[in-house]
Structure formats: C-alpha cells, structure tokens
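Following are the structures in question.
You will see chain A twice below: alongside chain B first, and alongside chain C after that.
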Partner chain A sequence: MTEQALNRHQQHRSKPWGKQVLAALLKRHSARIGLIWIGILVVIATFSPFLASSHPLYMLVDGKVSSPLLAHLSAQDWVWLAAFIFTVLLAKWSRPFWQKLLLWLGLVAVSAVVANTLASPPTLIIYEQYREMQAAGELDQVIYAPIPYSAKDYLRDYANTGVEAPLEATERTHWFGTDENGADVASRMIHASRIALGIGFIATGIALVIGTIIGGLMGYFSGIVDIIGMRLVEIFEAIPTLFLLLSFVAFFGRSIYMMMVIIGITAWSGYARYVRAEFLKLRQQDFVQAAVACGLPLRSILFRHMLPNGLAPLLVATSFGVASAILAEATLSFLGLGLIDDPSWGQLLNQAVQSSTFNWWLAVFPGGAIFMTVFAYNLLGEALRDAVDPHTNRSRRA
Partner chain B sequence: MLNYLLRRLLLMVPTLLGITLVVFVVMAAAPGGISAQTLVDGMELEPQSRKALEDYYNKLYGLDQPAPVQYFRWLNNISPIGFERNVDGTLGSFSLWKGSDLGTSFRYGRDVTDLLAERLPITLLLNLISIPLIYALAIGIGVQAARDRGGRFDVSSNIFLLGLWSVPSMLAGVLFIGFFASEQYWRWFPTGGLMRRETASETFLPLFASFSDVLIAAACVAVLTLIFMQLLSRLSTSNRRWLGVLMGAGLGYLMALNLYGHWFGMLHIALMFLFAILMRSLFGLQNLPLRLAIAGSLGLGLGLAVAAQLGVSFLQNGYLLDRIWHLVLPIIALSYGGLAFLAKLTRSSLLENLAADYARTARAKGVDEESVLWRHVFRNSLLPLITVSATLLPSLLAGSVIIESIFSIDGMGKLAVEAVQTRDRELVLSVTLISGLLTLFGYLLADIAYAIVDPRVSYD
Partner chain C sequence: MKLLEISDLSTDLGGESQWQSVVKHISLTIESGQTYCLVGESGSGKSVTALSMMGLLPENKFRHPSGSIKLFTDNGNGQELLGGDNALMRSVRGGKIAMIFQEPMTSLNPVQTIGDQLDEALQIHRPDWTAEQRNERILAALKEVMIPEPESRIKEYPHRLSGGQRQRVMIAMALICEPALLIADEPTTALDVTVQAEILKLMRDLQRRYGMGMLFITHDFGVVAQIADIVGVMRYGELVETGPTSEVLRNPQHVYTQSLIAALPERLPRPSRPEKAHQTLLEVNDVAVHFPVRRGLLRRVVDHFRAVDGVSFEVNAGEVVALVGESGCGKTTLGRAILRLQDVTRGQILLNGQDITHLSAKEMRPLRRQMQVVFQDPGSSLNPRLPIHTSLVEPMRVQGIGANDTERTERAAAFLERVEMPTDSLWRYPHEFSGGQRQRLAIARALVLEPKFILCDEITSALDVSVQAGILKLLRQLVDEDNIGMLFITHNMGVVDYLADRMLVMHKAQFVESGDTDSVMQAPKSDYTRTLLAAVPRLDDQYLASVST
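Presenting the complex of A and B:
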C-alpha cells in the first residue's frame, strides 16, 4: 500500500462522528434553511443597536465629531458583540468542540465582567434630543442607523402617537407601524430577537444540564435511584408546563434571567428520559465496565465515557427544545406575564387585539418572527433526527 | 390486570402529592409570598377592621402558621380521609369519610369546588371535541402521505405539517379573531364567549319559519352534496383539479366582494389565486374518503348558503347552532398543532410497518396492497398513536389556557391564568391538582388501551 493510499484510508476512517453528522445535516435543504434563518437572527441580535437606534451613529456639531450611538452602548451590547467575535474567531480553530465551548464560555464570562465595570452609558436617555437638534439646524452632518428609532423611543416629541399602521404617518417612516405606546415595531422586533435567542439557548442549556445529570444518574445506578427519579420526572411531566411556568413567573418577579432559569427548570424531564434510556442501554457494555474497573471517578464514567455515546437523541431533542423554549417565552409575554418594558415578540402580538380594533401589523410581523424562528429550529431538529439515525441512512443508501 | 390497575392507582398518589408540593413550594418560597396582609392590601379599611379581617383570613386559611403546617393543613382538607375540621379552625376527630374540601377562593370568595364544577366542563368540552377531530384528520392525512412515499403529496404535506406544527397557537388565535371575527374584516364568527345571551331562552335545534323552509334547505344541501360527491368520485384527477381551480377562484372572488364591496381589485385577484391553489390541491387528493369528506362539507356549506339566498331563514338559531358557531374558531386554533404532530407520527409509523417483514410476507402471498395497508399494517401502526394520546391531553390542556384567554371562554385555563395573576393559592393548587389528575388518568387510559390493542402487551 502506498503512503498516499494509506493516508486516504486513514482520512476516510478518522472522520469524527460530529463531522459526519454535520456533513449529513448540511446535505439537507431544510437544515440549511433553518441554519440560515438562525444565522440571520444571530447577526440581527448582535448588531441590533447599530440597526435600530434613535442615537446617530455619527454626528458633527460645531466642528466636533461624536457618536452618541457608541456612547450609549450598554454592557449587554458589548457582551453580545464580544461573544459574536469570539464565536467567529474560535470557529476556525482546530480543537475538540468541548474545549472550544469551555474557552468560549470563559471568554464571554470575562468580557461580561469587563463590560460591566467599564461600560457606563448615560442613565438618563433623551431619545428625541437629536431630532430636535436637527429640526433646529444644529447638526451639521449626521448619519442615523437604518431604523432611526430605539426600542423604547415612544416618540414623545410627536404629539399624538399611538397605534399607527405601516407607513401611515407622513413625516416619519415606520416600516412595520408603531405599537400602542408609539414605539417603532420594527425596532422593537429587532431588539426582541436577543430575548428570543438568549432564552432559547440558555433555558435549553439549563434544562440540558439538569436533565443529563438526573437522567445519567438514573440510568447508571438504576434500581432505587431510578424509581425515585422516574417519579420526579413523572411529577414534572404531569403538571402542565404552562401552569407551572405561570405560577413561577407570577410568584417570582419578571426578570429575563429568572425567566431563563424557570423555563429551564420546567423543561428538563424530557432530556432526563432520553439520557436515562441511553445510559440503561450503555451501562452493561464492555467499555463502561472497563472504565469502572479502572477505578475512574463517577464524573468521568458518566460524562467522558458514556455521554458521548448517548448523545444522538439528546441532540435532536435539544433542537426541538430550543423551539419550545422560545415559544414558552412568547406565550408568557402574550399572557401579560413577560418582561415589563423590554421588547418581546409575544408582547407585541398581544397588542394586536388589545385595543378595540385589530391591528394586523402587530399580529403578522411579530407573530411571523416567532413562527419563522420556531419553524427554523423544528426544521433543524427534523433534519438532525434523520442525520443521526443510522436506520434512515441505511435505507437512503439502499 | 386488576392488580396492575390497583398498583397504578396507588402510584398516582405520591405523584399527585409531588405535584402539589412543587406548586406549594413555589408559592411559599416566592418573595412576598401569600399572607393575610397581602390579601387585605389594597382595601380601604379602618385599622380595627383590617386587623379583624386579617385574623379572619389567618383562621380560615391558617396563613400565620409556618409553610409546612399550611401544606399539611391543605392536604388534610382535600383528602377524604383525615381529621375533621371544627368551625373555629381547630382539628377534630379522625374520620374515614369526612369528604374533601378544596377550600375557598381568595379572589372570588366562593368554594373552589363550585368554581371548578362550572369551569371544568367547558375545558373538557373543548378538548373532547378536539381529540376525535385530531385523530380522524391526522390518520387520513398520515395514511395518504405514507402511501405516496416520496411523492409530491408526501413531500409537500411533510413541510406543510412541520410548518403548521410551528405556528404558535396564540398567533393563529389572534389572526382568526382579527380576520374572521372583527368588524374590520370578515365578521363571520363571534369574537369570544361560548353563547349569545339570547340563546339561553331558545330551543335546542334551529327553528324554521315554516315546514317548507326545512324541506328547501334539506333539498339544497342534499342535492349539492350529491353533486359534489359524484363529481369528486367520478372525474379524473386533472378534471378535478380544473374544477377545484374554478371553484376556488369563485369562492375567493365572493369573499373579496363580501369584504370590499367593489367589483375588482388587486386583493380580489390575490384571494382568487390563493383559493384556486387551495381548492386545486384539495380536489386533487388521491384519497377517496378524504375527498368525500371535503365534498360533504362543501355541500353542507354551499347548500345552506343557497337556501339562504332562496329566502329560507331561521326563526331562532337555537342552542346547538349557536354553540357550534362559537366553537369553530377555538376548536381549529386548539387542534391544528396536535393534528400536525399526529399526522407526521402516523406517517412514520405506517412507513416503518409497511417495510416490515410481515407486510412483505403478506404481499408475497398475493394480498393486494389495500388489504396489506388496512388489515395488516394499519392496526400495528396504531400503537405509537395510542402512546402519544397520553401526552396529547396535557398539551391540549395547556393549549386551552391560551385559547381560552384569546377567545374569552370561561374555562379552566382562563381560571388558571386569573388565579395565578391574583395569587389565589387555593385555586392555583386545585387547578394544578385537577389537571395533574387528568393527565395521570390520560397516561393510565393510554396504557390500558395499549394492552387491549396489542395482545403481546401484558401487565401481569
């Protein structure tokens, strides 16, 4: 055998499972569409202050150049930007995925601390000052963001603002209309994409961690641990999740972090079931017995040896889980139990039928955004299920 | 079997305890929590009467006691076996038959049992109509998709169903209300509630002005239904499609005319186009029972419309018609998600069984494909559908929370939202208990049905 052939042979064999799944995934149109939409959403969420803001990106007053937009960036904005840059930088680095993930989490945590100590946006925000300065002719040069309205800019300088249909006002352009407070819907939707994405990822992450640990212990130890664990799973499955979410949110304030934790706590039972089923299958296998015989600590047996072999169903469930977490947040906001002043798609949708008239733009655009995002994750989950399932692959080839 | 049933029923008790415990802990651990002060808060009262009211609440609900004591107190109240409670709030003697008491709602000041007895039937009505509807349609679509594996219907229905599954039910509800119930667009359905006030004094069935009107209406419906059934069962696929295009365009035009009044415009074309495509795909279905169902509903709708044009009118709409009229939008909004999920499940389950060895054996024996599908494969494919039926009920219960809030139907879901928002402890606990109980019974029923359908499954 020549060296080249040997090389090719090795390359063929050594392709890791993750890469195989990714390649199988990218072959499917549905997965590509889903990933593209999620990608667009990530970009919009990261650059939302640059896309929609009342503060000019650049302005020239009395020969002095300033950028109120950059000055008004909050710590959260900086963290999003930093996280985006780290993701792009780490994507090309050839290291195992979990190493990159840990490094990414560490970098984001560091940047969160740095941003919170360094960033000090003005606490008193006057959105209309630039429009007034422009009207008075004080601005020599000015460049606004594509949508020149912030999410919480209620257009106080215009007399009678309220619900307006798209492009109804003559002196301003609101592509998607305004909501009942007079804020621009497009701007609110852009800023709300952060909440949707953040809730989706973090709530599912929390659920995944809880579910994996409980399910892993149940599957590995079986017996009495399993019986008690299954009762716990049953309890959380028998309470309609929405009731539990409602009582959690109503009794513990309404902050976004609380909401992530709550959605995570109520969603873990499904993952626990999957991990338990996989671990029950795996626990008798030779490699696990070998690991036990080596005297490895439980942590190592469970998470380094067993978990990677039981990852497939978890991966699929995660994708569907993100969709349902986003849906849960939208539902809570819709029922009036979401965040109070911060923009959210569900809360905009709620306003569509709140007043005596039906405002279609408040239903179609935010509702469409929720639908598209949930649909994207469901498409991805569906494609992932086909990609990780050896059964479908075999029948596809045959 | 009896043994198994008893064991399952006994196992329900700790689960139910756990459910209430979780909810109770959430409420007790909440900052601010629930105390006599929060209940009295907001009322304009003299200090003495405020104190008196607080004392009254403390005695009634035991709110001044530590949380575990409150929980056991509540448990003792709801369980039929326990200590009797005296009028002054102290515990009496132990009794096996004291009856359970779900307590009094903070907000309504009424017995929770009464409230639930009022609200629960409405939610159950919504769900019990939805479930058979979901199953019938889902099996129809799933069978059709599985038969046409890899074909156009299969691929397009797969994407369509996944999309349908992703539509949030609040979006569907809001759009339904906005477009089909508001003054601005088609005002075909009521915006909310379950009946008009006048209906309470009306007859059950619709009342016609004269007997000849009944005959005319019945004749219109019968003739049109028969014509549609004949057309949809006899014509070739391409002719059916053309018929669908024509009918869809006509319906779309009428709908636009109904809304805008003037004769022609861009929206007329858009609606005509939309309906033409919809009707073309419906009429082009390869499944005869599905087509006959479409023909039947078209005949019913158009027949009644024609009869109305001929001067037939109802003296009274009657209770039944009014109830159906109010239920159409909520039921659709409640059931489409489950429908999409079940149809996909039916398809994959059928495909798995169609490729199984026993199906191949049947084909090799010379059994025709229809018999293989219905007599051999279909029964085996029902198993996952039965398993899923257990999870269908909880998801419908959760869905009815949203649907009832949107359509302002006074069911248990709306009660739950109100109870949670006003921190009505007794009500929240009872609603959770009831829905948990319903869910667990759903699981149990599914397991029993599983054993009945599949003789290989035995629980002894």
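Presenting the complex of A and C:
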C-alpha cells in the first residue's frame, strides 16, 4: 500500500467522539445560552481594565501622548490577556486536546513569570488626578474607558460619597449605583468576574485532577487500594468546606488563591466516586482486557483506554462543580470573610443588607450576575448529560 | 381452525419526517394448534412483526401504511387488532395473546415474588376469581412448566431461579390465562443448549395440551427443525418463503433460504486439513482456579468456588482445539487463566516450553505478543473512543513491531485486507461497523502482533449465521496459513464440527471428554457429551433425510 493511497483513505476520517459530543451539545438551545453567557463573562474578565478604569486609555497633555491605562496594567492583567490570546491561537491548531491543554498551561505559566518580572505598574495610584487635570483644562485630548471608574476608585475628590442609587448623582453617571465606599458598582462587578471565573475553573480543576487520579487507581486496582481510597473519600466528605474556609481565613488571612486550593482539595471526593464507578465497570470490558493482553503499559490502559470512556459523567459533574465553587466564594464574601479591598460579587451582596436601608441595586445586579453564571453552568451540565447519554440518541433504531 | 390472519401488513419506524420501512407487505395465517416459525437474521423485521400484533411498538414512533391483523374467536368472528384502542389491546394482551421475551434475566420484576407476579395477571383477566382459586391456578401453572417444589417457589424472588427456570416462570405467566395464541420472541436464545432443548419440549407439550396457536420467532434453524409446523423466512422486512418445515428445510426454493441453510456451520464444505508436524505450542498441566468465598464480619474464607478444577491439555501449532461447555462450566475462566489475565491457584502453563504461570506483569509483557485473544461481545471488543488505526498501531508500537508509524500503518492496512475489511476502516470508529465487521477488526488487532497462539472466546455466538460462516472460514484459513495454534471456546457443536481438529468437553470445572473432533462427534464416551450433542440437531444431510414429512 502506497503513501498516496493511505493519504487518500485519510479523507474518509470520521469525526472523533469529542467533536460529535460538541456538535450534539451545540444543537441544544440551553447549551448555547449557557455557553454564550460564559463566553461574554470570559471576554469581560479578560478586558476588564479596558472596560472600566479611571485611567484614560489615551490622553494628550502639552503635546505629549500617553496611555496611563496601559502603564497601570498589572501583571495579572497581562496574564489574562496572554491566556486569552493563547486560547484563540491554539483553538485553530489541529492537535489532540490534551496536548493543546498542556501547551496552554505551559504558556500561561511562562507568561505569568515574565509578567511578574517585567510589569511594574506604579504602586501609588491617584485616581483623582485625571479628573482634576480635566477640570483645570490641562487635558487637550482624552479617551476614557466605557465606564470611567476603577474598581477601587472611591471618588475621594467628590467628598462624602457613599451609597448612591443608580443615576442619582448629577455630575457623574453610575449605571448600577455606588457601594458604601463610593466605588462604582458596575466597575466592581466587571472586575469581580475574574474572581468568579477563576475560582470556578481553578478550584474545579484541582478537584478534578485529584479526583481522577485517586478514583482511577481505586477503580482499576480495587481490593486494598479501593478500601483505603474509599475511607479517604469518606473522611473528606465529612469535612464541612465552609467551616474549613472560615478557620483558614481566621488563621492565615484572606487570599483568593488559598480559597481556590481549599475548595479544590475538599471537592475532589465526588469526582473520585464517579471515576471509580466508571473504572470498575470498564475494567471488565473486553477492550480493556484486550489491551492488557496486548501488553500495553498501565499508563496507556488507564488514560487512553479507560479514562476517555469514563469521562461522560465526569464532564457533567464538572460543570455543576464549577457552579458550586462560585457559590461557595460568594457565600464567603457575603459573610464578610472574603477579600477586603478586591471586588467580588458576594461582597457587594453583603453591603446590600449591611446598611440600615435596603440598597436594591447592590442586591439585584451582583445577585443577578451570580444567578446567571450558576444557571449557565447548570444549563451546560444538563445539556452535556443529554449529549453524552447514548440513550437519547437511540430513537432512530428499530 | 383459523386463529390469526395477518394480511398485507407494513410497518414503518421512525418519527416525524423520517420513516424507515421495516416490515413490508407481510401476509400469514396461524391456525389453532399450529406453530408458525418466523426465521430470519437480525434486522429482518421479525420482532417488529410480533410487536405490531401486540400493539407494543413505541408510541408515535411507528405507522402502518397498509395491512390488517385479525384475531378470530371460536365462533369464527374476526376482530381487527391493528389500530385498536388501549382498552381493546389490554383485554387482548395476556388474555387472548400472550408473549414471551428473549431475556429471562430482565423480564421478571426483581422486587416481587414469583407468586405475586403470576397473581397480578390473574387478578386483571379473571376478576371474579377468589384468592384460593387463583392460588390453585398458580400452583397448577407452575407444576405444568415443571418447576420443582412449586409451593415454596411461589414465595421466592426471581434471583433465586436459574435462567431456564425463569423462562419456565415466564411461560407459566404467559399461559396462566389460557391464551389462544402465544408469541415467543427468541425465548431460548439466551439459554444453554440442554436447557433450550427442555424448554422447547415443554412448549411443544403445552401447546398440544391447550391446542393454542404459536408464533415462534428465532434465528436458529436447529430450533426451527425441532418446533415448527410452518416456517416463514424473512429478509429485509419481506417474507421471502413460506411452507411446511420439512419441505423448506429439505428443499428450499428461494435463493436466500438456500444460502442461509448452506451457511450453517455443519453444512459448510469441510476444508482439507494439511498434516502438520507435531509441535507443542501451549501446555496446560493440572490447572485450577479457585475463588475464595468470604462470609461474616471478618470476611473469613469459608470455602472455595472451584471455577476450574485441575485440567490438562495441550495445543499444537497449526491446530484448532475447541473447548465446549455450557455457561458457568469455567471455560472462560480457563481461557483468562491461560492468558494470565487471571491468577491460577495451582498447576502450570507452558508456552513454547517456558513456564509462564508465575511471571510478573513486567516479565509477561514481551510474551504478550505471542498469545492474543478475541472476545465474544462485538459491542465492547474495541475501544469506542479510538479510531481503528490507534487500536491496531498502539500494540505494535509497544511491542516494537515496525520502525515507525508509517510502516505500522501500512502493516495494519495489510492485516485489514487479510480479514477482508476495506483499508479506509483505519480512520473510522467502532460504532460505524456491524457486529461481524467488528469481530473481523478484533481479529485483525490480535493478528498484527503475529501471535503464535490465539484464544477465541465464543467469538461468533452473537453473530448471524451467514456472518458467522464468513468468520469461521477466515479463522481456518489463518490457522492453516500462519501455523497458529488456536483455542476456540464455544457451545455450538456445528462450529466445533467445522473448525476444530480436536475438542475438549468441559462440565462443572473439569474435562469430561477429549479427543479428535470426528471421533468424539461420532462416538461420544460420556453421558454429558451425548446430552450436548442430542440437545439441538445439527442440520446435516443425515438429519434432514430423517425429517418426517
């Protein structure tokens, strides 16, 4: 058989399973709605400094062109932008998914190191200076972001600012009102979308990796490994996540990364159960036995022959897991134990009821965002369950 | 007396705008006391015909473009069943027409006792009976189907019964309201041959006693020969041939019937078996596999379940050895033990003179390429998430066959041609192939490693006869050309007769007989072998000549 003939046959390639599931998923309206919302959130999170910032994007002072916004971009901003660009670039690359994922993680890690060494935004930030310069007529030309307030811009130059309802102030425009410190709610929500997305993905990612490895080993080896593993699962399921988070916050201070790790290492037990059950079932399947009989190494049997076949329930559980991680962070922030200065949706919710009056805009907008995001992930999970379930595709069979 | 008349029945399945014609213009008549056998390969529409009669097709997923199904009562009045409303169909189902399904393991409700399940049918169809009357009838029904100790069985749950006994309970349930017509959809396919023979005899006796009509659906001509009065052969939804059983079997008119009967393994032309130099490839000495039975809080080992209990045999190069036995006799466990997929309790396995019984997984790995396996279920024998290319190339890469992936791909393509599959199968996924094609691909996966020994575990039992015939021919060819030693596990005597040079008969974890295929077939020494051979007739010339007209 010649090379040419082989290439000709390659044109008859059928769609791999992943693409089939994706196609079945995109046929469903609920999945589309969920994906569109998550997509919007990703774009907002990536470009949040360009959407809401007190620093002008472009300004002309005494014939000198400058961009304070770009100068004030932090290392974190650069990493988000880099990750977004890598995602777009890698999406077009025809390689197996796990190779792309590993490369993406590598590139993001490298860009994080580079950004942290190279990016040095000024540590002293004075938000008022631009408004003062504009008032004094020093700015010849200026372009602001669509929402000209940073998340931590407490509008000190206006004095005595506090909670204001949407569009209440006459000299400023706050579409979603301001919070108790006088910061723009819309701006804080935009910047908080990073935390919502980040905590969902990273916490669930950690849980997924731990759960898959432990569950896979339990399911494949069974016996004593299974017994020890299951006891470990039961121990971890007995730990109240919220209580653990509260104690860690009390002892070690508030850190978003610590929260991600704690949610991750307490949530893996569910995934481990799923993977274990799938592997126990798959172990007896003929193609796995045939793989053993071919002398394939354990790594290949576990990750090439068993894992992809047991992935379906895991995918569904993952999308619900992301939703619950977001809720956990929101709960913590609502209780006032989240981040202090950094924006978070839960923290805004907290302020809605803390003051003597009920500030509806502090409840409706962040609450709506949490609701929409959790709902989007749940819609996606539900649609995934339908897409990977073979029974729903069997109607055409006689 | 005419009991049921189907005329010009067509059934389409599908829904909305996509309709697929599954049954096309079928006409048949069943008389009281007569057994009409619908025979055909999978997908020929025989089950859909039966479900159309019962009105059991999935709602809104079917339509009948033409046809009528008339059920006649004793005084000759015909009642139209097609398109009947729910009330009519409920009174017909169970009361006038009863049905038995294929899978005895799932057709009884596991959380209800057998007595309760039988009682329910009576409560509905005989509402005026008292509890004592019903109880009496249930006992009588269980006695009729020859369930031992029916009084105590009434209170038991289905899991306590074997497959054969469950099928007997199903028959009792079907007959409890004395239906005029019994539809049996492959009722013995999931059973062992000896059990199948008993069930068939029971059904024949009961039919005679009640004088009911029977529509029997099967794919097995051996069963047809045993039970049918009239046989109808179906293909692609059409009834291609009908006639009295003895005539159709002896003198089939339609080309398709002829090809079906010719494809029976016992009627395939015997290939000439070249004389081989006697060279022992695999030697099994006194091998036993025991599974510990643990009880109690401390999981103490109280007993051992002896799956395989001391068996010895050898397989020579270029020879097919058949391992015959019924389900649960330990033949699959023995096969797994030989491949070292299962640890042995005692004994010795020698491959080419090398003791492999206690080699570690690492030491075993290079030897794996010498012994390969093909499994029974075509649905799970290939990884559904990988294209065929990966399934074939990966083992070669691991075992160091071929210099690079291009070379390995070419080898894989060559082996696909050898198992008579198109080479573009490489880039497809298992679900795009039929059962027979998947088994060919599984054989190709075993062959790419150039093994010296192949274990085939019931690899044709899930396939249609014509597909099976093709695979059997291919296997014999491979064994003869490549000098491979093969252990072929099966329960089908026809397949043994065609394929095997020697045969081993296994019963209750031990061998009861072994020897050359011809001598065992002609003159079995043990009673068990005789029962096995008598259970289902092989439709060879000798048998057909004896079929009475």
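Some points to look at:
Simple rule for what comes next: the second predicted complex is superposed on the first by the 358 of 398 C-alpha atoms of A that agree within 3 Å, B and C clash if a C-alpha of one lies under 4 Å from a C-alpha of the other, contacts with A are read in each partner's own complex, and residues count from 1 in each chain.
Keep in mind that, in the parts below, a residue touches a chain if its C-beta (ideal position, glycine included) is under 8 Å from a C-beta of that chain, and two chains touch if they have at least 3 such contacts.
Just so we're clear, the structure is a prediction, and the values are computed from it rather than from any experiment.
With both structures placed on the common chain, the touch criterion links A:I235 to chain B but leaves chain C unconnected.
In the overlay built on the shared chain, the residue A:L296 is in contact with chain C alone; chain B does not reach it.
Contacts of A:A352 after superposition: chain B is touched, whereas chain C is not reached. Shared-chain residue A:D62: touches no atom of chain B or chain C.
Once the two complexes are overlaid on the shared chain, A:R304 sits against chain C while remaining clear of chain B. In the superposed model, more residues of chain A are touched by B than by the other of chain B and chain C.
Of the two partner chains placed by superposition, only chain C is touched by A:W17; chain B is not. Touch criterion met: A:F375 reaches chain B, while chain C stays clear of it. By the document's definition of touching, of the two partners only chain B reaches A:G367; chain C does not. Counting contacts as defined above, chain A residues 395 meet chain B in one complex and chain C in the other. Only residues 30, 231-232, 234-244, 246-248, 250-253, 323, 327, 330-331, 334-337, 346, 349-350, 352-353, 357-358, 360, 363-364, 367, 370-371, 374-375, 378-379, 382, 395 of chain A touch chain B when the two sit together in their complex.
Touching chain C in their complex are the following residues of chain A: 1, 3, 5-6, 9-10, 12-14, 16-17, 285-287, 289-297, 300, 304-305, 308-309, 395-396, 398. By the touch rule above, chain C contacts chain A in their complex via residues 13-15, 18, 20, 22, 43, 45, 48, 61, 336, 339, 341, 364-369, 371-373, 375-377, 380-387, 391, 394-395, 398-399, 406, 409-410, 413-414, 423-424, 426-429, 432, 442, 445-446, 449.
The touching residues of chain B, when paired with chain A in their complex, are 14-15, 18-19, 22-23, 26-27, 30-33, 159, 162-163, 165-168, 170-171, 174-175, 177-179, 182-185, 355, 394, 397-398, 401-402, 405-406, 416-417, 420-421, 423, 428, 431-432, 435-436, 439-440, 443.
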